[in-house]
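Below, chain A partners chain B and then partners chain C, in two separate complexes.
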Partner chain A sequence: MSRKDHGMRKRIMPAEHAEGRGRSGPTLRRPAAVPYGQARQLRDGGEPSAVLLNRAFRADRLAAVVVWGAAGLVAGVFAWLLAAVAFQGAARLSLAFLTTPPADAGRSGGIGPILVSTLLILGVAMVSSVAVGAPAAVFLAEFSHAGTRSGRWVRRSLDVLAGMPSIVFGLFGNALFCKLLGLRFSILAGGLTLACMVLPLFIRLAEEGLRAVPTEYRQAAAALSLSPTTTLFRILLPAALPALAAGLVLGIGRALAETAALVFTSGYVDRMPESLHDSGRALSVHIYDLSMNVSGGDGGACASALVLIGLLLALNGGTAWLTTHWRRKTYRV
Partner chain B sequence: MGRPSSRRRAQADALLHGTARLAAVGAGLLVVLMVLFLALEAAPVLHATGPLRFLTDRGWYPTQGRFNLGPMLVGTTLAAAGALFLAGPLGLLSAVFCCFYAPPRLAALYRRMLELLAGTPSVVFGLWGLVVLVPLINRLHPPGASLLAAILILALMVLPTLALTVEAGLRAVPTEYLQAAAALGLSRWTTVSQVALPAARPALIAGVILATGRALGETMAVLMVCGNVVQVPRGLFDPVRTLTANIALEMAYAQGSHRAALFVSGLALAAAIVFFVLAAEFAERRTRHV
Partner chain C sequence: MNPSPLIQAEGLRISYGGRLALRDVTFGVAAGRITALVGPSGCGKTSFLNCLNRLTDLIPGCRVEGSLRLDETDLLDPRLDLLAHRRRVGMIFQRPNPFPISIRANLDLPLREHGCAREERPLRIEACLRDVGLWEEVRDRLDAPALALSGGQQQRLCFARALSLQPEVLLLDEPCSALDPLSTGVIEELILRLRGRYTLVVVTHNLAQARRLADAAALFWLRDGAGCLVEHGPASHVFDAPREPETRDYLRGYRG
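Up next is the complex of A and B:
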C-alpha cells in the first residue's frame, strides 16, 4: 500500500460523523454508524455522544453555508461586472458603431477600422501558429512516444511558454519582430507575437485531439500497410479535425483577449490599415486606450468591451458545439 | 508496386517526420529564444551597472541612470500576495461547491461561468475596476486607484484559474475514497476536508502556483487600477506600481539604457515564471508517482 493510503486512513478514522443526519448529499448519505459513535465516546472520555453529534452537525451546517456563500459571492461579483459593462456599453452600441471609424480620439464614432485590424492580427496569428503548431503536435502525438526525452523536453518548454506573462511576449516581439526583423509597429509584428503566445495552447489541444483518435484506426491503417504519411493525412487528421478546430477557436479566444503583448508590437494607430505592414489597433488595445488616456471615453470603452465579450461568447459557444456534436459524430466507430 | 513509387513514399515519410520534428523542436526552442532575446536587450545596462544597482539605487529615474526596481518589486509582490490571500480560499470553496455541494445542473452552470471568467480579457476586468471599483474605493478613502484596487481585481482574475485547477483535482479523487467515507457515515464537510482535499493536495498546490504566476504577470488590469506611483506603499489605500505596469507604461518612449532596464525587469519576471511553472510541474508529477 502506498504512503498516501496510510495518510488517508489516518485522516478518516478520527473524523467527525453525521450519524444518519439526512443533511449530507445524495451521493454520500448513509445510515447511522452507531458502534463507531460509541467507540468515539469511550475514547473521548465519556463525552455524551449527543453533544458530539450536535457539534458535528453544526460544523457541517456551517460549512455548507460558507461554501454556498462563497460560490454566491463569486457569481454575484461576476454578474455585477457583466451588468456594469453591458449597461454602460449598450447605450452606445449600434450597427453604425460597428462600421464607422472612431472620431474625436474615440469619444464618438465607431470601431470599424479597429475591428478590421483585430481580424487581420488574428488572421496572421492563427495562420502562423497553425503552420508551426500542427506539425509540432503531430510530432508529439505520433512520432514521439510518451517517454521520449525530446518529446518530454518540448512539452516542458511549451508549459513554461504557456505560463509566460503577456508583457514578456510583448517585449520579445518588440525586440525580435519590430526591431531586429525591421517590421516596426505593424499588424504583422503583432500577429506573429500573438502566434508565439497561442502556440503552446494550440499544440497542447491538437496533441490531445490526435491522441484521442482510437488506436484501432492506426492498427487498421497498419494492417492495410498504409504509409505513415497516408495514415496521417487520410485517417488521423480527418478524425482529429474537430479537436484541431476546437484548439483553433480557443486560440482565437486567447488572442482576442490579449492587450499587453500588442501595445508595443502592433501599435495604436486607429486608421483603416492598408496592408499588413501598417500599424493597427486591436479591440482590446482600443478599450485600454479609451479608458486610460481619453477622458470621457468610458462609454466607447464599455461598448467596445461589450463587442469583445460578445465575440468571445460566440467563440465559446462555437467551441462547446464543436466538442460535443461534431466530435461525437466523428468517433462513432 | 514499383520501386520508384515506394522510394517516393519513403521520401514523403522522411519529409513528414523531418518537418514535424523541426516544428516541434522549433516550438520548444521558442522559450529559450525568448529568454535569450530579453537577456541580449538587457545586457548593456546589466553589464554597465551590475545587477545589484537595480535594488540599491536611489529611486527610479531611468533617464538619469538611476534604476531602483525595488518599489515595483514590492508592489508586484504585495499585489500578488494579497490577491492570492483573497482568491485562495474563495477559489477553493468554489471548487468544493462545484464538486460536492451544487446540484449537477447548477455545478455545470457554475463551471461554465468560471471558464467564462477565466477567458474574460484582462482589459475588461481593468475597465470594470476603473469605472466601478476605483470610484467606490475613492469614496471610502481617496485616491481610489490603489494597492487595494489592484488586489481586488487580481483576486478576481486569479480565482477562476485556481478554482478550475482544484476542481479538476477534486474530480480526479478516486471514487473508492469517497465511497469509503460514505461507508463510515462521514458528514459531507468531513468528507471534503478530511478525505477529498488531502487527496487532491497536489492539484491544490499546482493551482496555487499557477495562480501566483498569473498574478505576478498580469499587466493591463493592474495597470488600469493601481495608480502607478513609484513608491513603497504604506497602506492598502496607497497607489503602487507593479513591474509589469512599469514596462507597459514606459516601453513606448524608452531609449537606450532606460529600455534595457525595462528588459531587465522583463527578464526577472520571466525567471520567476520559469521557476513557478517548473515547481508546479514538480508538484503535479508527485501525484502520479504516488
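Up next is the complex of A and C:
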C-alpha cells in the first residue's frame, strides 16, 4: 500500500523473472529447474504438459539471459572505466600528490589546493542546499496538498530547474553571485551556484521521502495531540531520513561532477584558497583543464579522476554510516 | 436510562468534496458506557468517529455540518482548541500504528509533549503498560523497537499510549480487525476492563463482538448512496428486538 512496499516489489521482480517463478507458477517450477536435455525427455514421455513446460522453460531461460546480460554489461562498462582511469593515473597517485600544489600547469606536482577548494565548494553547496531544501520539501510534502496552486507551481518550477543544463546555472551564478552580489570569482559564489543546481533534485527526493512516511503516523500523532513541530521533528523527519540522505548523496554526486557551472563562478586559480572569498579550482575543472588545455597532462588528469571517484565513494559511505548511526540514536531516545 | 448523554449529535452531516457521506445523524452516547457502531462498510461509521476528535480536519475537502457536543463543548466550532480536545478524546485505529521508535519512546513522547515531569514519566509508563497487560511482556525490552512487537502487542501499546494522556473518551475504529482471535480476546477483555472509567465508542464489523461488548448500539446503513443512522438504543433492544427491517436483515446476515 505504501510507496515503500511498491519499491520493494519492483526491486525483487527481476530476480523472480530470472528464476521463472513469475511466469510458470508453483506447479511448473520443478521441471523448469531440470536441465534442458532432461526436459526434452519429459516431453518424449508423452505427458501433454511437458511440451508446455519446455516452452515456458525456454522463455524463462531467454529472460534470464537478457536480464543477466544487461546487468553484466552495466557492470562491465563501469569496470572498464575504472580500469582505464586507474591504468593511466595510478602511477601518479601518492600521499604527496594529495598534499602538494600543482607545478608546471599540472604536468607535475599534486592537487593539494584543488582538493581543499573542492571540499570547500562542496561544503558551501551542501550546507546551503540542505538549509533551503529541507524546509522547502517539508512545505511541499506537509503543508501544500497535491492540488493546491502554490504547491503545483513550486513543483513545476523545480522540475524545469532540474532539467536545466548546468552551463545555464553557471551563467546565472556568474550574473547573480559574482557580479550583482559582488562575490566575484570565489568559492562562495561557486558553492552557491552549485546549491541552486542541486536544490531541485534534493527537494523533490526529500519531498518524496516525506510523502512515503505512512499516513498512519500522522493520524496517530494528531490523535495524541502532538504539535505539528513535534510530529515533524520526532516522527516524520527521522522516518524520512534515509530518503533525505539519498537525496543529499545524489546532490553531492551532481555537484562533484560539475565543471561548466564552476568555470564561471569559482574560477580556475590553482593556489591554496585563504578564505571562501578566494577563487578556487575544483577537481572536475582541474581534470578538464589538464586533458583539454595542457599537453602531456593526461596522467595528472587520470590521477585526479581517481581521487574524484574515491571522494565520491567516501562521501557516499560516510552519509550512509551517519544515517544508520543517527537513526539508531534517535530511535532509542 | 441516562438522561443527559456525554456526546450528543444533532442533524450531523458529513460530506467529502461535496459528496454526502453521512446524513442527519441524531444520537447520544452515554458516559462510561461502551457504544458499538455497526453496519456495512462505507456507511459513515468511521467518518462519524473521526468527527468526535476532529480527525476529519486532516482530510482535504471534508465538511461537517449540524451540531455535535461533548458535555458543553461545541465540537464543530472552528476555534475549538484541537490539541486540548484531542487530549480528552483518545483514539485507537484499525491497524496498530505505534511510531517506529522504541516502546518506551512511544509512551514517553506524548507524555513529554503534554508536560509530564521527567521523574514522573517512568511511573506513568509502567502504570499504562500494566493497565493494558503489557508490562510483564515488555519490561525487559522497553528500548526495543515497537515495531518488533506482535500485532496484538502493538495494539495494546497503542491503547497504553492513548490512556497515558488520561482521556475521557476513547474512540476505537475496528480495533481487532487486524488481529488473530487470541489477541482479539485479550483486547476485548481490556475494553471491558476500561468500561466505567472511560466512555468508549467502538466501530466493529464483528457482530458477535458487538454483542459481547456493547451497552448501547447504533446501526448505520447506506441509503441513496449516503450513510445514515437506522436504529440505535440499548444493545439488547438493537440486537434482540430490532425495529427496523434493515437491522433484522443485517443481523441475520442478509444483504438489504
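Rule of thumb we're sticking to: the second predicted complex is superposed on the first by the 230 of 333 C-alpha atoms of A that agree within 3 Å, B and C clash if a C-alpha of one lies under 4 Å from a C-alpha of the other, contacts with A are read in each partner's own complex, and residues count from 1 in each chain.
Everything that follows uses one rule, which is that a residue touches a chain if its C-beta (ideal position, glycine included) is under 8 Å from a C-beta of that chain, and two chains touch if they have at least 3 such contacts.
Model, not experiment: these values are computed from the prediction.
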{"item": "Touched partner set for A:Leu119, first chain B, second chain C, both or neither", "value": "neither"}
{"item": "Which of chain B and chain C A:Ala223 touches, first, second, both or neither", "value": "second"}
{"item": "Contacts of A:Met292 with chain B and chain C, given as first, second, both or neither", "value": "first"}
{"item": "Between chain B and chain C, more extensive residue contact with chain A", "value": "B"}
{"item": "Touching partner for A:Ala175 - first (chain B), second (chain C), both, neither", "value": "first"}
{"item": "First, second, both or neither for A:Leu98, with chain B first and chain C second", "value": "neither"}
{"item": "Partner chain(s) touched by A:Leu52 [first = chain B, second = chain C, both, neither]", "value": "neither"}
{"item": "Partner chain in contact with A:Leu276 - chain B first, chain C second, else both or neither", "value": "neither"}
{"item": "Which superposed partner A:Ala239 touches (first chain B, second chain C, both, neither)", "value": "second"}
{"item": "Partner chain in contact with A:Ala136 - chain B first, chain C second, else both or neither", "value": "first"}
{"item": "Chain A residues contacted in one complex by chain B, in the other by chain C", "value": "227"}
{"item": "Footprint of chain A on chain B - complex, ascending", "value": "9-10, 12-13, 16-17, 19-34, 37-38, 40-41, 89-90, 93-94, 96-98, 100-102, 110, 113-117, 119-128, 130-132, 156, 159, 163, 177-178, 180-195, 198-199, 210, 213, 216-220, 223-224, 244, 247-248, 251-252, 262-263, 266, 269-270, 273-274, 276-278, 281, 290"}
{"item": "Footprint of chain C on chain A - complex, ascending", "value": "145, 147, 214, 216-227, 230, 234-235, 238-239, 330-333"}
{"item": "Residues of chain A that touch chain B when the two form their complex", "value": "2-4, 7-8, 11-12, 15-21, 23-25, 27-33, 36, 56-57, 59-60, 63-64, 66-68, 70-71, 73-75, 77-78, 80-81, 84-85, 88, 132-136, 138-140, 142-144, 150-151, 153-154, 156-172, 174-176, 196, 199-200, 203, 227-229, 232, 253-254, 256-260, 263-264, 284, 287-288, 291-292, 298, 301-302, 305, 308-309, 312-313, 316"}
{"item": "Interfacial residue positions of chain C with respect to chain A in the complex", "value": "53, 55, 58, 60, 82-87, 90-91, 93, 95, 97-102, 104-105, 108-110, 113-114, 143, 145, 158, 161-162, 165"}
